[in-house]
Amino acid sequence: MTGQDAVDLGFARVDVDREARQGLPEVVYGSGKTPGQVVEVVRTLLRHNAGPVLVTRVDAGTAISVLRAVPGGTYDSEARLLVWRPAEPTGFSVVVAAAGTADLPVVREAAAVAAAVGIGVTTVTDVGVAGLHRLLAEQDRLRAADTVIVVAGMEGALASAVGGLVACPVVAVPTSTGYGAGLDGITALLAMHASCAAGITVVNIDSGFGAAMAAFRLSRVARRGTP
Amino acid sequence: MTGQDAVDLGFARVDVDREARQGLPEVVYGSGKTPGQVVEVVRTLLRHNAGPVLVTRVDAGTAISVLRAVPGGTYDSEARLLVWRPAEPTGFSVVVAAAGTADLPVVREAAAVAAAVGIGVTTVTDVGVAGLHRLLAEQDRLRAADTVIVVAGMEGALASAVGGLVACPVVAVPTSTGYGAGLDGITALLAMHASCAAGITVVNIDSGFGAAMAAFRLSRVARRGTP
Amino acid sequence: MTGQDAVDLGFARVDVDREARQGLPEVVYGSGKTPGQVVEVVRTLLRHNAGPVLVTRVDAGTAISVLRAVPGGTYDSEARLLVWRPAEPTGFSVVVAAAGTADLPVVREAAAVAAAVGIGVTTVTDVGVAGLHRLLAEQDRLRAADTVIVVAGMEGALASAVGGLVACPVVAVPTSTGYGAGLDGITALLAMHASCAAGITVVNIDSGFGAAMAAFRLSRVARRGTP
Amino acid sequence: MTGQDAVDLGFARVDVDREARQGLPEVVYGSGKTPGQVVEVVRTLLRHNAGPVLVTRVDAGTAISVLRAVPGGTYDSEARLLVWRPAEPTGFSVVVAAAGTADLPVVREAAAVAAAVGIGVTTVTDVGVAGLHRLLAEQDRLRAADTVIVVAGMEGALASAVGGLVACPVVAVPTSTGYGAGLDGITALLAMHASCAAGITVVNIDSGFGAAMAAFRLSRVARRGTP
Amino acid sequence: MTGQDAVDLGFARVDVDREARQGLPEVVYGSGKTPGQVVEVVRTLLRHNAGPVLVTRVDAGTAISVLRAVPGGTYDSEARLLVWRPAEPTGFSVVVAAAGTADLPVVREAAAVAAAVGIGVTTVTDVGVAGLHRLLAEQDRLRAADTVIVVAGMEGALASAVGGLVACPVVAVPTSTGYGAGLDGITALLAMHASCAAGITVVNIDSGFGAAMAAFRLSRVARRGTP
Amino acid sequence: MTGQDAVDLGFARVDVDREARQGLPEVVYGSGKTPGQVVEVVRTLLRHNAGPVLVTRVDAGTAISVLRAVPGGTYDSEARLLVWRPAEPTGFSVVVAAAGTADLPVVREAAAVAAAVGIGVTTVTDVGVAGLHRLLAEQDRLRAADTVIVVAGMEGALASAVGGLVACPVVAVPTSTGYGAGLDGITALLAMHASCAAGITVVNIDSGFGAAMAAFRLSRVARRGTP
Amino acid sequence: MTGQDAVDLGFARVDVDREARQGLPEVVYGSGKTPGQVVEVVRTLLRHNAGPVLVTRVDAGTAISVLRAVPGGTYDSEARLLVWRPAEPTGFSVVVAAAGTADLPVVREAAAVAAAVGIGVTTVTDVGVAGLHRLLAEQDRLRAADTVIVVAGMEGALASAVGGLVACPVVAVPTSTGYGAGLDGITALLAMHASCAAGITVVNIDSGFGAAMAAFRLSRVARRGTP
Amino acid sequence: MTGQDAVDLGFARVDVDREARQGLPEVVYGSGKTPGQVVEVVRTLLRHNAGPVLVTRVDAGTAISVLRAVPGGTYDSEARLLVWRPAEPTGFSVVVAAAGTADLPVVREAAAVAAAVGIGVTTVTDVGVAGLHRLLAEQDRLRAADTVIVVAGMEGALASAVGGLVACPVVAVPTSTGYGAGLDGITALLAMHASCAAGITVVNIDSGFGAAMAAFRLSRVARRGTP
C-alpha cells in the first residue's frame, strides 16, 4: 500500500489507494450525497489519482451543480452517470443484451460505466426468450464479444439461453422489472443462480454498475494474456 | 347433483358424484393410505362410477397388494400410478416437454395420468434452454400438439421459451430438481409466473398429476368444439 | 418464420412475426412507455399485422395522446386498455368470476382483453366462499362457460370452490387485494397452487391480461376441434 | 396465587398453580421427554391438582411404560394422547371439520384433547371446498355446534367456507399436508388469516391441541353465561 | 336461506341474508369505495336488515358525505368506523389490552366495532411485557373479562403473557408497528402462533375488526349458555 | 501479532495468535471433523497457547477417541463439549434462563462453555412467560447476575420480559424448539430483535456457544473496570 | 418496585419506576406522537425521575415545539434526538465503527444516545471490508474501546472483521442501506448472526438506539467491577 | 451447428455439439443417474467429442462400476468427480480461497473441475475474515492469480474482503455450511450480492462446479487476448 491510503473528508474517507491496488480509482455512489459532498469527493479523486473518475446514480439537478463546480466532466442522463477522464479504449469488448425495453435503464448504466473504463460496448435489446428468433438472429454478435452482460427481469430466462449460446463469460444482471411473482427482482436473481447453463455468474439486482465492474476485472486479465 | 353424492367409508368420504359433475371419477391420492384403505376406496369408485379409476403416488408394495385384491388394474412403477378402466382415446393430444433428465418422474406421472383419461401423449425430454438447438429441433412436434405440458426445475426457463414458440395452451409444472437457489421448486414456480411469454399457466411443484388434469379439462372443451 | 421477424425502433424491437406464429400480434405493455413510444409501436404493429392491436396498463393521459395520433382505436379506462381492430367473436365464451369488489380492476382487464381477441365474456362478481349461496346461485352460468377465469385475492379460496363445481378449464388469477397476511397476493398465489381441486391452473398476481391470453390459447384449440 | 406455585423436578418446573389460575392443570408436551420424566411430571400433577392430566404427542412405547408406572390412565394411539381423570362432560359441544383424510391425525388430537377436558365432540371429515355438496350436506350439524374447529391443509379454504355458514366461533387449524406451494402449512396459515370470512381465528400449524384448548377457554365462558 | 339472498348493485352484490345466517348484517369494508358506493350499500343493508350497519376503514371526508346522504349514523374518527343502529348491550364484556401506544389505532377499531355489536369494552394500554408490573397491576381487570383481545406489534409477547394469566378466550391481533425485524407485523403474527401459552387464537395483522367479530361470535355462544 | 500467527495442518490452519489477540485460544467446531483431525488441532492449540482449549458439538464416540489420544481433558455429554485446561473462575457471573425444558441442550452448551472460560454460572429453567409467577419468583437471582443469557424458542418472549426486569446486559439465544409457525427458530430470532425491551442483544439460533462467548467478552470489560 | 409504578396519561402509561429498576428513565419513542403528547410524557418523566430524559426519532418541527414548551433540553438534528439532563460521563467508552457513509444516520443515533447516558463515544467511519487497510489503520482505536458498536448495511461483513480484531464486546447494528439483495437490512441482520467471529451480538435493523442501550447495560456491569 | 447436434439415448439426449459451440463437451451431472446410465452417456461423449469428459457428484460405488466399464478415467473421491481425457494446462491460473474447513468439499469440486479443464489451481483455506492476518498473509498469492474463486458459507464476508484486495475477477461461491441464520447458504448468497466490493460475481450455493466453469469461460477470453 502507498504512503497515503485514504483522505478523510469528515463525512467520508476516500480510498485514494484503490487505483494502485485495483487499477481504477474508487467509484462514487451518488445516491444520497449532496452536490457539495460529491464535489469534494470528486476533487479528491481527481487530485490523488490519474484514471477515470465516476459518480453513479446522480440525478440531473445534482449533475448540473457538480459539473459547474468541477468542469471537464460529462453527464449521461439515461445512465445517471458523471464521468471525468474516461479511459482509453482497451480493445476489450462486451455485448449488453437485454430481455425487454423495461430493462433499459440498467442496460444504460452498464454500458456507460463499461465505456468509461475503456471497454467497447454494443447493446442488443428486446431479445427475451419468448421470441427466440430475435435472440438467434443476434448469435454472431453475441459470439464475437469478449463477455456478454445479460440484463433481464421477470423470470430472467435470457441468462440461461445466452449461456448456452456463447463460450465467453456471461455476467447476468437481474432487474426489478415486472410485478407480482417477480418479487422486485428476487425471482430473477434466484432463477439466474439456478440456471441450467454452466458457468454463468450473477451480480446484484439492477446493478448495471456491478456488471460493468465485473467486465472491467475481466478486461484486465484478458489484457495480461496467458503465457 | 345425484341422489347419492358421497359414500362414507369411516376413514374417508368418497365423492361418487364427481363423475357426473366433472366427467371423471374422483382420483385417489395414494400417499399415506394403507393398502386396505386404497382397496376400499377403489372398490367404491368402481361400483358407483363407470369411468377410469386412478390412484396416484403409490409405492410398489402397496400396488401389488391392491392389485391382488382388486384385479383388472395396471401399475406403472415409474409414474407410481394404479389404473382401472382407462378411458378410450379422445383424439386430444399433448406433448410433455421436459428440461432435463432429473425431471423424468414428474414427466412420467403427467404422461401416465393423461393417457389414462384418454389423451394422446408424446414426451420430449432434455430440451432445456441452455441448448436451444435441441428445443428448436422439436418445434414441429410442439406445434402439432393440442396442448404442451412443460416440466422444468432449476430456473424453469423452458416454459417461457415454449410459450413463445407455440400458439396452443401451455401448462407449466415447476419441479423440485436442482439445489441451492432453486429452493426446492419455489424459484421455478415464481419464475414461470413472472414469465415474459403471455398466457402460460402454472400448476403446483412436481404436480404431473395437476398438469394432466388441466389437460383433461382442456380436452373436454376441445371435444365440445365451438359453434 | 417470415422474411422479416422484427422491426427495430431503436428503443424497442417489435416482434411482427408473432401473429404468424401465435395467431395474435404482440401485445404492448404500456406501463413506463412515453406516448410517442406507444404511437410508434402501435403504428408498426398495425402496418405489419392484420389482427387486433392491444396496449395494456395505459393511463388516461397517455391514451388520449395516442388515440389522437393513431385514430381508430378505443380506450377502456377501467381496464386501462387501448384496442385497434378488435377480433370478430369466435363463439368461445368465458365467465370471469370474482370474489369481491376490490378485485374489479383485474376483472375488467381480463374481460376487456378477452373481448378484444374475440372471446365472449360474462362477469360474475362478489361470489367469495364466505357466502356460498351467492356462488351456488351462479352454478349454471359457470357450467355453461367454455372456461372460467377466477379472480380472487386474500386467501384465494374461490378457485378451489369453482374448480370443484365445473368440468371446464379454470384459470385462477391471484390479486393483491387484502392486507397483512395476504402478502400482496403471494398468499393467494400459493394457496391457489396448493388447491385441493384438481386441474386448476394459475397465472401471475393481478394479471388479468395473462388470464385472458391463456383463454385465447384455449379458444384456438377449441376452434380447431378434435377429429 | 397459591402458597406453592411450582414444583421443581430438576429437569422441569411443574406449574401446579395453573389449575387454580386457568381451570385446568398444566398439559404435558410429551415429545422429547423420557418415560421416566413423563412419569415424574404426571405424578406431580396428579398429586397437586384435582382435574384431568394430559400428555400430548406420546409414542406407543413411551405410553406403555408410563401407564405401567402410573395406572389409571388411558392411551389414544391415533391422537397420541395419555389421559388420567378425564373431565365430566360440560354440555359444551364442538364439531371438528376436516378438509381431507390426510388431516386426520390433527383431527384426532383435537377431538381427544377436547373430550378429555369435558367437551362433546363430533367429527366431520372430507368436506373440502372442492366438493361443496359434501360440506353443505353437513350444514345443520355445523350450525348446531357451540364452536367449529376447522382442520385443513393445502390452501386452507375450508375455514372461509365454514366461517360463512355458521354464526358460532370458528377456530382454524392449518395442517402441513400437501406438498410444494403448500410450504408445510405456512400457506394454509396465511390463507386462513387472509380469509374473507369475518371473525375466524387461527392456531398454530398441526396444533389440534391448541384448537382444543381454545375451545376449552370458550366452554368456560359459555358455562359462565351472560347476565 | 331466505327468498332473497343478495341484492345486486352492479358494482357489488350485497349479502342481505347474512343477518339471518350469522346474526349480524354484512359489514362493509370502506377502503377503496367511493362515497356514492358506500351510500348505496348502506341503504340496501338498512332496508333489508334490522340490525347494526357498520362501515370500516372510512376516512373523514367520505364519512361526512355518507352521513349527509344517510342520516342517523355516527362516525368514530379514531376507529375510522361508521355505525347505524348500534346493537343493545348484551352483557358480554371484553378487555382490549395493548402493548404500546403505537397500537392504539387497532385498539380503537376493535373497541368501536365490538361496542357497535353490543359488547361491553374496557381498554388497557401500555402493558407490554418489558414492564411486567404494569401488566400484573391489571390482572383483576383482565380476569373479569369474558374475553381478552390482545393487540401487540413488535415481538407480540403480550399475547403469551396474558394467555398465561387468564382462563377466558384470548384473541391476539398482531400489529404492523415497529420496524426492521418486525417485518410489518409478520413477526408478531408468527410469534403469537408459536406462543407457549395454550389455547390462544390469532387474527390477521392490524385487524381490530377481525378480533371484534371473533368476540361477537363468542358472545353469541355465551348468550346461548350451556344446558 | 506474534511471530507465528497460524499453524497449517493441511486440512486446517490453526489461529494460534488468537489467544494473544482476544484472550482465549481458538475454539474448535467439532461437527464434521474426524477424531484424528480433532486430535491434531487440539494438540496444536495446547502446544502454542496457555489457556483453555475447547471443542464444541462433539458426539460421544469422537470424544472417547480424542480423550484417549489427548489425555487431561473432560467431556460433558449434555453440552457435547470437550475441555482441556479450564480457566480459573474470574468472579464474573451469568444466569442462564430458559423458557422450557426443550431448550435444555442449548442451555447446557452455554453453561458449560461459560464455565470453561472462567465464568460463574447459574441456570434457571422453565420460566416461560406463560407462567409469569415462575419468572417473578426468580427476579432476585436474575438481578444479582452480571449478565443474563436468555434461551427461548417458540415466540421467544422471555427475552423481552427479562430485559424489562434487569439492568444488566441480556444476551438472547433463539432456539429451534417448537413447530409450525416457529420456523425452526427464525420466528424467535426475529421476535427477539423486534423486542420492546431496550438494549437486548441476540446471537444465532441454538448458539449456546455464541452466547457464552459474548459473556466472555463482557467479563473481560468488567474485569478491566472503569477508572 | 416503588409505591407508584406508572403514571397514566390517558393516551400512554409512563413507566416511572424504570429508573429504579434499570438505572435509566424510560426512553420515549417519538415517531407517531404529537408535540403535545411528547411534552406531557417528558414532563412526567422529568418530574418523577432524576436521570436523563430522551426522546428518539423526533423531526425538527416537533423538536422546536417541544423545546419551547419544556425548556432545558437540546436537539441533535442528525441523530433526531431530544435530551434533557444528560448523564455525567462514566468513564466507559465505545467506538462506533461504520462501513460506509450511507450508515451515518444510524451512527449518529447510536453516538448521541450513548453520550446522553454517560458513555464516551468515538466514531470511525468508512471502514468497510472492501478496503481492509482503512480498517486495519484503526485497529488501535478499536482495541482501546470498552465496547465496539459496528454499524453496517449491505452484507454486514464489518461485524465479522471487527469481531476478529478486538477482545471486547461487539454490538452489531445491521442497516437498511444498499438495494436489491440487501433486502432492506434483512441480509445484513442474518449475515451478522451467521458470522464466523465468536461472541458478536446483534440488535434490530437501523437501531442505533438499541446498540447504545446495550452499551449502557454493559457500562453498568463494568462500573460494578468484579471482586 | 454441426450435422448432428444431439444423441438420443432414450433416458437422455446428449448435447454432442456443445464442444463445438462452447469449447468443452457437456459435463454430466451424476447425481440420480444409475451406473449404467452414466456409462452410456460417457461413452457417447467420448465417441462424439475430443475434449475432456467429466461426471460430477458421483459416489464411490458408482465411480468404481463406471470406471470398470469405461477404462481410462480417474476418480477424485473428495471432489466426487470422474474425469477422462483431462485438458492440457492452458497457463491460466486460479486461486480457490476458502473461509473455513467446512467449505472444503466445495473447494475440492471447484479445484478438481478447474484442473480437468486445463486451469492451474492453488488452494488457500481457513482465511475467514474473523482472522484477517491469515488472509493478509496470502495477499501476494491472491494477487498473482488470473482469477480468485472465493468459497464461503455462514455470512460469506470473505468475498468482500478478497474483492477489495485483488484487481482480477472474483467468483464467489456461497456454501451451505453453518446453521440457524445461515439459512443453508441463502444468507451467504444474498450477502455476496449485497457486497460493498465492486465487480464481484456469484454462482449458486455449493456450486464448486459452477465457479470452475465460470473460470473456464474466463480462461478462454484470456487465451484469446486483446488486440
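Think of it as A, B, C, D, E, F, G and H in the order they're written, each chain with its own count starting at 1.
Criterion: a residue touches a chain if its C-beta (ideal position, glycine included) is under 8 Å from a C-beta of that chain, and two chains touch if they have at least 3 such contacts.
None of these values were measured; they are calculated from a predicted model.
Chain centres here are means of the Cα atoms, and by that rule the chain farthest away from chain A is D. Although chain B and chain D share one sequence, what matters here is the overlap of their interface residues, and that overlap falls short of half of the numbers used. Here the CA centre of chain E is 36 Å from the CA centre of chain G.
Chain B and chain F have Cα centroids lying 51 Å from one another.
Between the Cα centres of chain C and chain D there is a gap of 44 Å.
Put simply, the C-alpha centre of chain A and that of chain D have 57 angstrom between them.
Shared interface positions of chain D, i.e. residues touching 2 or more other chains, are given as 131, 164-165, 180-182, 189, 193-195, 198, 204-205.
Every pair of chains meeting the contact definition is listed here: A-B, A-C, A-G, A-H, B-C, B-D, B-H, C-D, C-E, D-E, D-F, E-F, E-G, F-G, F-H, G-H.
Those residues of chain D whose C-beta lies close enough to touch chain B in the complex are 101-102, 104, 125-127, 131, 133-134, 137, 179-182. Chain contact summary for the complex, chain H toward chain B: residues 1, 5-6, 11-13, 15, 17-18, 29, 32-33, 174, 176, 185-186, 189, 204-207. Looking at the complex, you find that chain F touches chain E at residues 99-100, 128-132, 135-136, 153-157, 160-161, 163-165, 178, 180-183, 187-198. Those residues of chain B whose C-beta lies close enough to touch chain C in the complex are 21-23, 27, 90-92, 146-147, 164-171, 189, 193-195, 198-205, 209-210, 212-227.
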